[in-house]
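To keep things simple, chains are lettered A, B, C, D, E and F as they appear, and every chain counts its residues starting from 1.
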Amino acid sequence: MRPSGRNLDELRPISIETGVTAHAEGSCLIKCGNTHVLCTASLEERVPPFLKNTGLGWVTAEYGMLPRATHTRMRREAAAGKQSGRTQEIQRLIGRSLRAGIDRVALGERQITVDCDVIQADGGTRCASITGGWVALRLAVNKLMAAGDVLSDPITDHVAAISCGVYAGQPVLDLDYPEDSEAGTDANFVMTGSAQMIEVQASAEGATFSRDQFAELLSLAEKGVSELVAAQAKAIA
Amino acid sequence: MRPSGRNLDELRPISIETGVTAHAEGSCLIKCGNTHVLCTASLEERVPPFLKNTGLGWVTAEYGMLPRATHTRMRREAAAGKQSGRTQEIQRLIGRSLRAGIDRVALGERQITVDCDVIQADGGTRCASITGGWVALRLAVNKLMAAGDVLSDPITDHVAAISCGVYAGQPVLDLDYPEDSEAGTDANFVMTGSAQMIEVQASAEGATFSRDQFAELLSLAEKGVSELVAAQAKAIA
Amino acid sequence: MRPSGRNLDELRPISIETGVTAHAEGSCLIKCGNTHVLCTASLEERVPPFLKNTGLGWVTAEYGMLPRATHTRMRREAAAGKQSGRTQEIQRLIGRSLRAGIDRVALGERQITVDCDVIQADGGTRCASITGGWVALRLAVNKLMAAGDVLSDPITDHVAAISCGVYAGQPVLDLDYPEDSEAGTDANFVMTGSAQMIEVQASAEGATFSRDQFAELLSLAEKGVSELVAAQAKAIA
Amino acid sequence: MRPSGRNLDELRPISIETGVTAHAEGSCLIKCGNTHVLCTASLEERVPPFLKNTGLGWVTAEYGMLPRATHTRMRREAAAGKQSGRTQEIQRLIGRSLRAGIDRVALGERQITVDCDVIQADGGTRCASITGGWVALRLAVNKLMAAGDVLSDPITDHVAAISCGVYAGQPVLDLDYPEDSEAGTDANFVMTGSAQMIEVQASAEGATFSRDQFAELLSLAEKGVSELVAAQAKAIA
Amino acid sequence: MRPSGRNLDELRPISIETGVTAHAEGSCLIKCGNTHVLCTASLEERVPPFLKNTGLGWVTAEYGMLPRATHTRMRREAAAGKQSGRTQEIQRLIGRSLRAGIDRVALGERQITVDCDVIQADGGTRCASITGGWVALRLAVNKLMAAGDVLSDPITDHVAAISCGVYAGQPVLDLDYPEDSEAGTDANFVMTGSAQMIEVQASAEGATFSRDQFAELLSLAEKGVSELVAAQAKAIA
Amino acid sequence: MRPSGRNLDELRPISIETGVTAHAEGSCLIKCGNTHVLCTASLEERVPPFLKNTGLGWVTAEYGMLPRATHTRMRREAAAGKQSGRTQEIQRLIGRSLRAGIDRVALGERQITVDCDVIQADGGTRCASITGGWVALRLAVNKLMAAGDVLSDPITDHVAAISCGVYAGQPVLDLDYPEDSEAGTDANFVMTGSAQMIEVQASAEGATFSRDQFAELLSLAEKGVSELVAAQAKAIA
């Protein structure tokens, strides 16, 4: 029934290749089916002004799409002179999500910026960015630990994200673009490795949804995130 | 236990005064405790370019805060030269929420812009904007119907929104600013008059949350929204 | 002869309600007929860079219009990404006018920002902003004095403003929108409580004006300002 | 008593050289003492959208300062990414002033843009821009008339402008920079060749002014403008 | 003597992988040593306004760098709100260069936009962008030809580019970042497959250069471009 | 054969008038035929942040065109809200070129900004800006030396620039606008007084060029620059 032929609760094939750029402290190329995101984590020994002299660290994120990551070419945001509302919303979500898995005292007064740049888009780019962004972050923090710059591990748990939705009346896991553009409801779940929730964003697109439907989406998400966490673990092993 | 002395499942006093500006097709001043939002609905006989000659109408929203709506003065966005990511995220949410209660075919090829301007802020401004924005929209549509410009009512149901959160370890309804700034989890629920869900946004702020905690927040929200819908009904009566 | 039926030298009904927002150090809602402006004065214990370590204070103003303050909806300046030339011109005028009634040495090295936001417009918004802005400023300064933060009153006199114009060939006081849009000449006078002039701005719109006509406008303005000053005095009593 | 040694009612030496650029339909370099402004009038056979198919023409103005027109270098507005409030205020004034001397029906549906670029500044740049801008406009209109593109002269009268102020307690004509920066009151008068008023802008800078003082400034301005009009007449002869 | 151990006239290893993104009409990932650029060509059946109804096509280019393509993270241009002067200069160069190898009549009234996004930077990104951009363009044009949308091949010749410079007093081919940052003279040559010149940009950085030195650089460039053209030919075979 | 009747290797008449503005430390008005550029050099006793405490000085340049410097009026960049890519490219070129003739150690920690504003354009504005900009710079440095603020002359040599091109199949010197808009190849050469090269920028416009053609252009440029250097020497004598 799904355009891709997947089962209702089946993720797209996932691959996470690490160490893909020479300069970043941590990096990976995550592929969730045809959605490909390059994630880099950049370490800086400074914090935003509001954290100066607090002893607390900061993790933030930026998100972008290459102009031809999509079916038709989109205008380059740098040329347009501003980031769209959608871009800002997504990068705020990525940043909040990753911070939820960080002990900012243990990190110490330094900042890690996670850049998520979509090379190719086929739905679910924000979730892939979070899942891949965590891997880049983990690798950068590993470097800090190996260098003895932090005393204990500032990462408290995995953070991963997946979309679910009601497609053709059925709750399905991990929407690709053909499903996403038709779905009645679209939800993104960000969770920890221990299945605690960090962010839930569910949105009726065309049809509202009931409490029961929402519970089904949540169950699918729990399954999906556990598989993503396993993929993260394998990538950083 | 709450700073305001309210019960865990108690809304702030709500008042919705309609017809507060002379020019708008629909308007109200909604007060949720000390959060005051002026909502206007402006009707235009044109649609955005992507809807030209489709027969479909459009409802959109814009959100703003007066500089001294808050405890300390914030920079005016018009002077800063752009709307913040937070502002854009909120106005996108208001627009999506209100569109979920509209039959765009019945509305016909015209646009209604709902402006939500926060006069005074004490937490929950996006939810008050949605609840009050719907009243302004309802009144503008009433004008269209009275003039015979639409054949059937384009409004399919009430739309209202409320925040809930985990404060001091307890799920509570309708966070005010002192609660919001301390809450471990913060969630916004947008629902219809028949308790269907339109938008759910839950965010861990400092502590993650479990599936059970989320269910408790949702139950509180159902109670809150039903009371808000009653207040809307009374206001437009 | 006037659309409103007023006498040539008759102000619109004026009301000034103080203390209308919880957070600002001073605030009022001024209504000059159907022109309604919310004025707040915000006190900050810092000054612009060019005044650092001079011992001098600063009073500045910002002006805005809600998008549907007008007959048809105007584009929100924050969304447009800049303040119009008209907005900047008006807020510069308000700031200069209010500073003319302030002893900046007595104020000491602190800044008061007066925000004037037009809720509903029917002509004369810049004059209402000055007249109401002074009331907000007065109340904020009262707080400073009550707290003993200033030794002598930094406010030297009332500041109020009124428009006059040549409408249908006749000099009239306090133009409303129907008059303003037809007037041959449009003038704004800012004066002190002792009838000294602070700002005069007169502009031919369609027809030039003579020295005699200008003198008649000035006499009308003196009458109008004296009534506004009385309304200010009553509001702050 | 004046820094320049001029009499209280004495203009600075004025020169108006016409035809200074090869491309513009009308142009002049006006020198009011050390204030030098290059004025060009550009004719376009189109009007702004709000005038399409009305048969009415439009005259508009833009104003700029070369970065080193002033004592110390100012930031280039093109590099800063926006025109300052002061620039916008001045160019709006120039445009309104020049339009007051134009019969827009006689001009027909075309636009003339007057650019006033300050090469060297020593006070009074907006007045010099208006006086010189009118000469450029006159020359461009002459071209239209010579070509038979307009049937009757769209220019109804001279337009010229001068500043006056209260300097060291004395009303003086045509403030230069040393006077302007010290003046208690600063006023700009735009008038026609027949001494009718187009714009009056008077501003207390430090000290308010009385009705009598204002009348003295106005008398000085009438004298000054009559001399400027004579200089214009000579330049275009 | 070179940091990389290369001979003075030796290119870095070059690889050009085609078909790297699913959506673009043409694409490649070009690697010149550690400089990696993703190039996509997007076809649109419209032209810029100045070419409407001329029968002529257009080729344009945009250039960007991922924030962590470089040793230390650079600010994202979309977040900064504008493209730097350097970015604009480079993308104008790429566009001009590619247009020099196009017959715009044969292309017909359509536009191809070549996006060059630097994934990893180690010197020579603008030259790699031109060389790779031409491959993406070639592939997109192949699609047009295969579909019968153009009658004759609009591509007239290869276009490729290489940098040369005076490093440690010696003319060397294909500067990498360590060389580029030390070079006394830096030159970029854009040439056709038949060794005709399209663009020459040579710049003294610290030391000026003589006519003889320039001739040596040009000879190196001819050798380098011939090798790049061979690599292009192999990639599209 | 040239539209102007000049010989193939003939410059336009050149005049350089110095001391044309009262405030700048150095200034000139350079006229290359009908191309007129006002150049000012402004001295500031501060350097950009990246040079603080290095003992090194800085020379930078900005470029602008008055809106009606051209045949038809161009939009004012300050009104458009940004400098075009062309403007940025040109001012970066001017700055690099002038720095190549400066000993930044001898200059000491101060900045000189050279502003080049085109009053009238007829081709070759960037070259005239460099040639005239050097004169303004020379005069400002002379002031520094006369005041004893520098110990040795920071200017190491003349810097001048000229365009050449292939027009109607012939290499010609110093393109004017009619030639420039038709030229198959357009090149700009920046050289020192001793004929060393600083910048070479050659660009095929419509037709590529051979190594031999390039050599001919370079020979023409050497002749032209030597004449410009003589004109500079005469102007500052």
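Quick note on the criterion: a residue touches a chain if its C-beta (ideal position, glycine included) is under 8 Å from a C-beta of that chain, and two chains touch if they have at least 3 such contacts.
Given the structure is predicted, the values throughout are model-derived calculations rather than measurements.
Fewest steps needed to get from chain C to chain E, stepping only to touching chains, is 3. Of all chains in the assembly, those touching chain C and also chain F are D.
On superposing C-alpha atoms, the copy chain A sits rotated by 120° relative to chain F, to the nearest 5. When the contact pairs of C-D are set against those of A-B, B-C or A-E, over half line up by residue number only for A-B.
A separation of 51 Å divides the Cα centre of chain A from that of chain C. If you average the Cα atoms of chain E and of chain F, the two centres end up 28 Å apart. Annotation for chain E: residues touching 2 or more other chains are 81-82. One closed ring of touching chains is present, and its order from chain E going to chain F first is E, F, D, C, B, A. Of all the residues in chain C, the ones that touch chain D in their complex are 82, 85-86, 88-89, 91-92, 96, 100, 187, 192, 195-204, 208-211, 214, 218.
Within the complex, the chain F residues that touch chain D are 21-24, 27, 34, 38, 40, 42, 44, 62, 64, 66-73, 76-83, 87, 113, 115, 117, 119-120, 122.
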